[in-house]
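In what follows, a single structure is set out as structure tokens and then discussed.
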């Protein structure tokens, strides 16, 4: 006896690489355990329009390696109202769907929480490149986004060495510096500016001067967008180090694209399967995540109300190694 | 009997992928034909500082696949003066170097021309990503730069399809729209804005509206920097198509980096070898290039004084296919 | 007035990267010029089964960057008979289709030639990674295949340098060494074994010994499959140079895959459009190609009966530079 | 007061991606904490030849992104003898080096253990693509090797879908199926053959038949080399499913190459720094690893005498999702 018989899956908010692998895992795991599985197009917007279709093994064939989301995503104001939430729950009930898996970020989680209050069993999966969701060490898409940044910096490195120059790379992360931190450590960036750590531009410029004086041939500064525009950092730097002529790169939405890494595909596959099994066992209103290698389910309310702690040890390591 | 006995090679101006493959070809071909080969560090700046060293087979080992230039590049004001040019020629003569191969763009070519007036035999190789040098169908680095742009657009495509959005990609090309054109054709970009072709923003917006109405799920606009900032194009578009929410990506110096494509490596290898053979045969003051598959040498003066024609046929093909 | 009103397109034989870009160009160019365009599934096999469907702008949306062929490919014995060819022509006539564009290699071209004898106007496009079709400098897919090989060798280079080892890479090319030649030149391979050039294993081993003695840290041998198995080359080498412990890599069908390069996409786009325009102008039984940068149409019979000449100049350059 | 004053680092055994990032971390962390740091060329072989040089910040500049190992690696029979081990320890003592960090696999660890018996403080770091070292969830290079395999399968996928074919991919792993497992899960492989799990070829063939019958268009079998040759698996499959025409790809040493992933670079950076700190605190004869996200040091003897358990949960998940 399973606690649910028919489940649906939707993707919501900004897309991230690996969402398709998660959708695939939800569908195939659901079918394996004897459930009917439905897809909702365009997130909560599609839910309110009853844009729902049954999925089988072939609906998720050949998508594991694709970026973006085959279910598409969209914003939905109506769903922020109680009426919208009641309507969404009713549409699911009318179809006999008793469980819903939502793949997205904090906003998407809140929607799942509201639906669970309307009697639908829900699970959230962390689908966002920013790694800004608490109670999971990694979000789906984060590893790929970091890879995209690191690959871009590999390219910059060639051209910078040829000209003895510095490079400022603006990456995503409004409230969470994890992309900047992990990409910065992996690239040997000299300076990593994140919203979680205060910095002093005089010290940044001074350190850079000394490094060039000691024979360094190029210098990389990574700036999380939560800290400010790359162009503004460049202007502040030039004030203090006028002979330096930094180049600014804004990676933008490229960070959301590309085929997901093996890491993200496998994380997504594990989490998608886990969410299905949690629903089958009768749980609801949980956010699924991975903590120290273990899959865990945490109350959505706890997750959305807890700010993810910043990894200061890793930050200090990055600084220590980038002298 | 060869017309030269000792030759040198330098890279100048902005670096481009494949410069190292060209340096390697110059060195190995020179040695093969019995010449001594020297490297000049940091372009004309290094020349004036006598920053010159002898090269052997191993000095160019393991560089064919590297972006940037192992000889480095730099700007040099002094070399724009007659005194600078005379000094540069004297430094080469003092070392017994009678031939110089310069890899770079228009400015680098002019330097080679000035040196030839001072009695040094010179050859120019087209090393720039912009493809803005006349009398060659391709410059060294252009194919790689186009590949970098196309790869970035592949990534944007995933995320755009998920949100039914348009994307504006600003690419290099101040006076030459070739990167925009070739990357646009290869990406199926709906709109390609280049300095060589006038455009009407009303028509661009109108076409985009119609395409979305006909079921297109995303739309790419490529803007060569010579046309304007990507952000400005976005602002103009939103005025005319307010429900569209375009995302702007500025690729910047990433376009100069990355391992060179096989095409660029082979072009560079052929041109480097060709330049050496031209010097051996006694030619001087020529720019080497490839036209319709054939290696050719053209007077540098002719090359720097001729604007490269824009390929309107290819532009029209891109438009025809991107409906 | 156009010479054709309804055209169809099929892919046949081994697939190659860029076939989809060619299909897209045929469809969009055909529609642009006012034709109806049809797709045939699974090559001549599908033709004989009337597996034909009308295509519109959206049928070729989002395929320009995909490897393989959305029209699929298959072998078909029946089509080698006169009855099969008559049946195929009749099926097309019954649907009012008067022109057919065939994308593939020599075998596919012969089919097009036979259909033209049955009154169907045909055009062939060179879709094969091997670059073994005469009257075109490049086939669609060749540049991508070379890129895949070069990328693999980049990876081998890292690990070989760590161990002072040699590496034997077997690549595709039964009768044509072009993949081996172009990838070998681009990788700085020490030895390139192709069906078009005889070689002496004693000399290969001797040269390698000398190069290691002179400080080379790794050595790459590229073997076109037409020459023999990589494993056999390794065995012969070890007989003559026992302290060398070569590693063999067989790239196999990876060479057929991957997203097409910008070069291949643009070549495919130009050729697809060109083939449509040739049909419109009333030509038939022609193979389209690119020679010295110009699009050309040559009688299919001439093409299939002419062996493509090997580029000895390029081969000698590769040897000259790999000392 | 630190327990060591001068430390050395060497790489040994097969190289893996990320070894350079680990060397860099050892050097920079050592210098940060006030130690002198030395590099040993060519593993234990170089140690016995006193091939040792002092390293500074610049010796590890621009290597974080390089595959292979700048310290090179080699086999060394002499070091397997007690005399060799005594000689190695003496050479280190003569230079005043009291700590040694060894990056490699099981064999390399045993060497470190022997040296610690001769009074040298040692730390082992897991540098091998195979992920076959116990007491660490991940080895340095494993994530990159999996990525290389997954990238190759992405390419095969294109061409397979075009022909309705199956593909057999032989990957590394003599005693450990982890590359096969992780790459198989990430690629949606239908069948994963590893040394740790028995299989029945009749069932494999039967399952494949059914999947093709149910509309699957291609099928991937991943074979760890410990199970057998890809060619042999193909022969067995064809006996049971003659209409299937599988293609075999042997990835070979490509799996050891390529720029390390961000994951591997960061793992290597953390472990390299950790090993230095362990030596400073006076520990010795330990293998460093990461278990459930935490860095740990385990007695080398325990590590080399414990077989790594296979992750059956993950294997079952891969099967469950690949129906």
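Order of writing sets the chain letters: A, B, C and D. Residues in each chain are counted from 1.
Following the convention adopted for this analysis, a contact is a pair of C-beta atoms (placed from the backbone, for glycine too) under 8 Å apart; a residue touches a chain by one contact, two chains touch by 3 or more.
If you want to know which protein each chain is, UniProt gives these names: A, B, C, D = ATP-dependent 6-phosphofructokinase.
A quick note: this is a predicted structure, and the numbers were derived from the prediction, not measured.
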Farthest chain from chain C by C-alpha centroid distance is chain A
Whole-Å distance, C-alpha centre of chain A to that of chain C, is 40
Taking each chain's centre as the mean of its CA atoms, chain A sits from chain D at a distance in Å of 28
Chain A to chain B, mean C-alpha position gap in Å, rounds to 36
Residue ranges of chain D touching at least 2 other chains are 154, 157, 161
One finds touching chains in the pairs A-B, A-D, B-C, C-D
Touching chain C in the complex, chain D uses residues 11, 15, 17, 66-69, 72-74, 148, 152, 154-164, 167, 247-254, 256-258
The chain C residues in contact with chain B across the complex are 24-25, 28-29, 31-32, 57-58, 61-62, 64-65, 137, 143, 146-147, 150, 154, 157, 161, 182-183, 185-188, 214-217, 259, 261-263, 265-266, 269-270, 273, 292-294, 314, 317-318, 320-323
